[in-house]
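The letters A, B, C, D and E name the chains in turn, as written, and every chain counts its residues from 1.
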């Protein structure tokens, strides 16, 4: 095993190992656990840094391990995986800090952090998977490792949520499984790097390919929360805040969206998918989801629930961009993968802060909260405005590219969808901001215990991610920004699938 | 119709009677006997086919099989009777009742 | 070499019977030794291909004739491996004999258990249809003896029910053997293959044998005896029954259908077995979801999982040559058998741990065990994952191959069966696991449980997952001697 | 084969089948067991007719004799414990 | 980077506007607009700069009109900030006001300097949303209502604008405004693009039917905020039109007609609505709508032919500068009027100042307004043929209407001043800034003549032209006094502030009622229910249900036996 082939396994392994170690720590060993957590997260960032540098220097990282006849376990670093793995690495680090602060003094922390790490290992695996089967393996692995997090509180409500979550995700996984197997029967084990090889499939099999595409998207659509497969997401928000943050920003929802990206670009090849005629229905489905999610978000009073519906809407931007068949749309979609992540994680952090510090969950109780928690709500405001699509925050960049992509692809209705969605976003985010900053407090807040509005561990992460959201938009045009990376990837994707 | 065929028909009859007995009879001892009758049928069938070639000597293979079979049947009967007695001892039942009312071992 | 696989456990059994006080030591050493021999033996088969051995030098048909190919090797390995671990577990599970002259479960367990292992080994090595009957009877009688070990009314009744069912099955099988012998004068699986024709007596023979074996394998709707028997036995016995014993009769069915009668069986017969398998999957899983007691749940899960094994029948019978699709189905079905053996054994052993810790196996009693028995919780979870067929696990590889075979054969109607079965399985696995996340009830103290018991259950569960990673070797071994394409890398129809 | 032999075989088989039937039909268990022993012996006789004398001996001893005794013993034990007739 | 300092300095100072730091930072606030002012005065009109790595590439510069816009905007903001220094003294949370005030300022400066669409939109959005904080600053119910309506309308406008931007950007070779303007002229979907841009900026510029937020929002904001809202920010819409509509890039007679009609409608209808108002600030807001209508008319003429645009540009610049400064002066004057107390001379001084500003807007001779109107009249012959005669009599009429409205405003303010019981308080910054602004209003004439002397020389010098500007004003004053006399204290006609918004609110309210009355659960409700019922089925406790019975039947020996035999027979049949 060479150094290059060990790298991807190491990246997945750091979080996996951390997770396993933490399981066997005693509940009391808090400091050791925190150290381990941060060490794992930090180490992973270092590794990710190494492969970024390496990839830029033209090195190839690949780990192949034949599992059964006809399929290999393949981890490989390409630009797309780099994008996702960096996102998950960075956000995991931040979320770990947050989670340590959030769960201070609660029960079953070993269990929590164990699964937490494993969950990240799974999403890293998803990022690095080099073929559809490896992707599927980690995809299911993710389902399993998130379930304990969703039900972590052990209340009736969370158990019910966990059950719903499982029903949806396992059903989705099964459907995906059928699709993957079918494709494997038809064309064998195709690596992502050989994108577009399906184009050479005889036309006789095209109907089958369409069916496979539908199965794959349906399977992935559950996690990506495409309507009508989204039912689990608003329910699953009973999970602790760091979990919701992770679910909505990096792990589960993103895994689905990322999978759709992979399927369209690296399995079918976008031009071939387009010639099969499957992209437009996908775009329409994504559009419906975008509008529907926003509409539902408006009626929610529970902050996390509103954010959850918002996620449904926002994640479908990625799908929409993928389905547009145009390089600009792809850029928008890929960059939104990152942007939605950093913005949504900020929002959930903030929601968690409010809930944890003041015990508030309903928006109607949050009048004037900006006065009590200015930093938290400041971060929230940045992220929320970004979600609405106000420049120069990250969300605007995504929307800009998506809309131009829609026009480029000759689908002007996409612009209408985006605009309506922006309006709706504003309609459900701005009232929160208004209530937080401009309304008179309807109650007296519990006084600050320390110098800061809440514990530093809870405060720093949202500030960092809000900073990211701002920076990602502000410096979008500079080298190394998510946008630059997305552009590079999009060019590669289009280059490789003629 | 040759002799072995006649016995074969009888064997099949015995087999069916035995099967019927295991299924229908409720008393455990009767079930045990029915099982033996069923086995008897099977053995008779084997022995009859040993003569299928109507030459002078019988085929030794089925004989060997039957001999083995008898021993096995005896073991099974012994086990069945032991279990029957035990059941009677613990519950007083002589039938296989209460299929649903399972209690876990303790 | 080959003879030791049978002799060792039988000798051990006799010894354990004679020296009851040393039963546990003898038991462990014997099973471990058998496993070691099995490993070496498998290596030989791996290198040299199928092997034949005449016991005592007598020739066919009178002598006992052993034959082993890849399939036998794999079954031997599974029996040896799982057997050793069950032995290890049982040492802690059964209390040692208290005083001399007093009966205890421990005394009875070891001889019967070793006979069971010996019988299974002999079964997998037998080359002819009659020896298989004899060994199957040995296995069954030992198994029933073990199942009755708990000694309470429920266990006794269940065992007796099991016995009668098994007897019917054996007799039906024996009649079939007799019919075959009457027609061809042959008993050897492979020798028969050369001559069999589908005339009326042969068809009747095959039907009788198959149904007899199905009864012993507890395929729906002939599963009636299994849940009570498997759920009332002591935990290690339940494990062996569900994990190993049902595979014995399944093994014979495979030999009959795909060795002796391969190519002669009508498409619709395969469909019938597939349909029964489907019914088993759905019914068994559905019943499992409804159970309130852990061991019953696991037992019904066995009923369901057995159904999967029979999905390979419609696919392979539809093929006329041993092509890629058949190879997928073959590997998939057997991988299912293997991973089910590991997972199910692990689950029953875990249930035993729980029983010792809480005193009951009600699923409700699992509240909060995650904190006290983390290993057991993990074992249940991992085993469950393999059962559901989630990656990366043996169950996943099995489902993967099976799904490919189904799609490749064009018999798409089995797709929903596999998927729905997976969902139902997930249903009962998580129904069980969710309790571990609930806070513990205050008045329910946990008793300490031997770490060996927890560890063995965990090890098996890990095994069920890990074989998913080493599937390649196992599948290659499985195909030795069966004539399937060596490495079924397909000519993809689409490309 | 002569018709006598045919007739003998026929009667013998009828007897065996009849006894088997009787075993299962007779109400009294004791009678049933006795009939079973008779069945075993008659069956062994049939085997002799088929040229399997050695096997027949084994059957008479084991199938009819030993099993019969065991059945009687079990019946007895159950009667004693059950306190009376067991049907 | 110097360019960015214009935008960033207000930002930085805004960030210092905390309750704790306000004691110091309030002295910094007046510094914030100074770089912009200096830049507008001393900067090179051809200068530009670009920062490629920022957002999607930021391009800043003056462009054709930027310097003028920056000048009056910076001037008004500077004075308003100074004004606020005293005006906000008694406020409960002045730091909060200043925070939003400075952010709005930053956005306003930025959008003037922006040469590419993204920067423009960014700053435009910043200005729009930050101004929300100004509108609702007082937290009264009216303020909150106005804020809500402002926000909804603004969002609506931004969305339309964004849509227009997307369309244009997809056709344009670059994101530079200049390129986009050309791209629109040649685009296939030109009309759609122009409509979106017109309506998008129209919200800000108070185009008829999109204007209703204005008379609500401008009056409720604190005085300095109203001044910049009406003086500068309303011009941002105009600037947007000027930057993006394909002016000078072709002839668009239909659009021209449309704009002229829309402009005149606004000009007259706003006066009618404005006359009905009792609050001087509302009155002024309607005046702004009316004046913006006039500018729309000018713009419409500019769209008629490519040749029409250069002279119209001059007209618009003069018009804009004049209106911005004068309207600023009027709004600040309302604040000054509140601070005169009972001192007679202060009241008179105040009234005098207000009259000067009002006259400047009405277009009395020797004011910027007069020059602008003359220039417009001159340019009117560039309009499509049919329009010229109409324009010659509509323009003076509009002037008269303006006078009517502003006279009404003066009377209202005077009445208010008279009736106020308050004693004056020392507020030097208030007076100083206002007086400077008045000087600027007067000085803008010089500025305008000096800058565009060549074009304007002939038209302003004649006696005839002076009379042209005098008679509408006199007529307007006379008419109002007559009206006032006739009706005394009765309201002229019952038009509430914000006119059509009242209808919209009613419609929205009833829609919501209907929406609430419909008991339609969302699809996710059904989904969860399906899952739940499956779960319930799986976990149901009843012993009597069918599956249990089937399972016990299967356990029955007879059933098993029958099954066995049937299976054997089936297999025999099938094999």
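Everything below uses one rule, namely that a contact is a pair of C-beta atoms (placed from the backbone, for glycine too) under 8 Å apart; a residue touches a chain by one contact, two chains touch by 3 or more.
These numbers were taken from a predicted model, which means no experiment stands behind them.
Judged by touch alone, the chains other than chain C, held in their current positions, stay linked as one piece.
Chain centre most remote from that of chain C: E (centre = mean of CA atoms). Chain centres computed from CA atoms place D at the largest separation from chain A. Closest to the protein's overall CA centre, chain by chain, comes A. Note: centroid distance chain C to chain D, computed from Cα atoms, is 38 Å. Annotation: 77 Å between the Cα-based centres of chain A and chain D.
Put simply, the C-alpha centre of chain A and that of chain B have 66 angstrom between them.
The distance from the centre of chain C to the centre of chain E, each centre being the mean of the chain's C-alpha atoms, comes to 78 Å. Looking at chain C, one finds that residues 168, 224 touch two or more other chains.
The multi-chain contact residues of chain A, meaning those touching 2 or more other chains, are 163. Multi-chain contact residues of chain E, defined as those touching 2 or more other chains: 555-556, 560. Applying the touch criterion to all chain pairs gives A-C, A-E, B-C, B-D, B-E, C-E.
On the chain A side of its complex with chain C, the touching residues are 23-24, 65-71, 73, 108, 111, 133, 136-137, 140-141, 143-144, 147-148, 151-152, 154, 159, 162-163, 166, 170-171, 173-175, 177-178, 181-182, 184-188, 197-198, 200-202, 205, 208-209.
Those residues of chain B that touch chain C in the complex are listed here as 15, 18-19, 22, 28, 31, 35, 38-39, 41-42, 45-46, 49, 52, 59-62, 64-65, 68-69, 72, 75-76, 79-80, 83-84, 86-87, 90-91, 93, 96-99, 101-106. Touching chain A in their complex are the following residues of chain C: 331, 370-371, 374, 381, 385, 388, 390-392, 396-397, 399-401, 403-404, 407-408, 415, 419, 422-423, 426, 430, 434, 437-439, 468-469, 471-472, 475, 487-490, 492-495. Of all residues in chain E, those touching chain A in their complex are 52-57, 118, 121-122, 125, 129, 133, 136, 139, 151, 155-156, 159-160, 162-163, 166-167, 169-170, 522-524, 527-528, 531, 534-535.
On chain C, the positions that touch chain E within their shared complex are 165, 168, 172, 198, 203-204, 206-208, 210-211, 214-215, 221-224, 265-266, 268-269, 271-272, 276, 286-287, 289-290, 427, 431.
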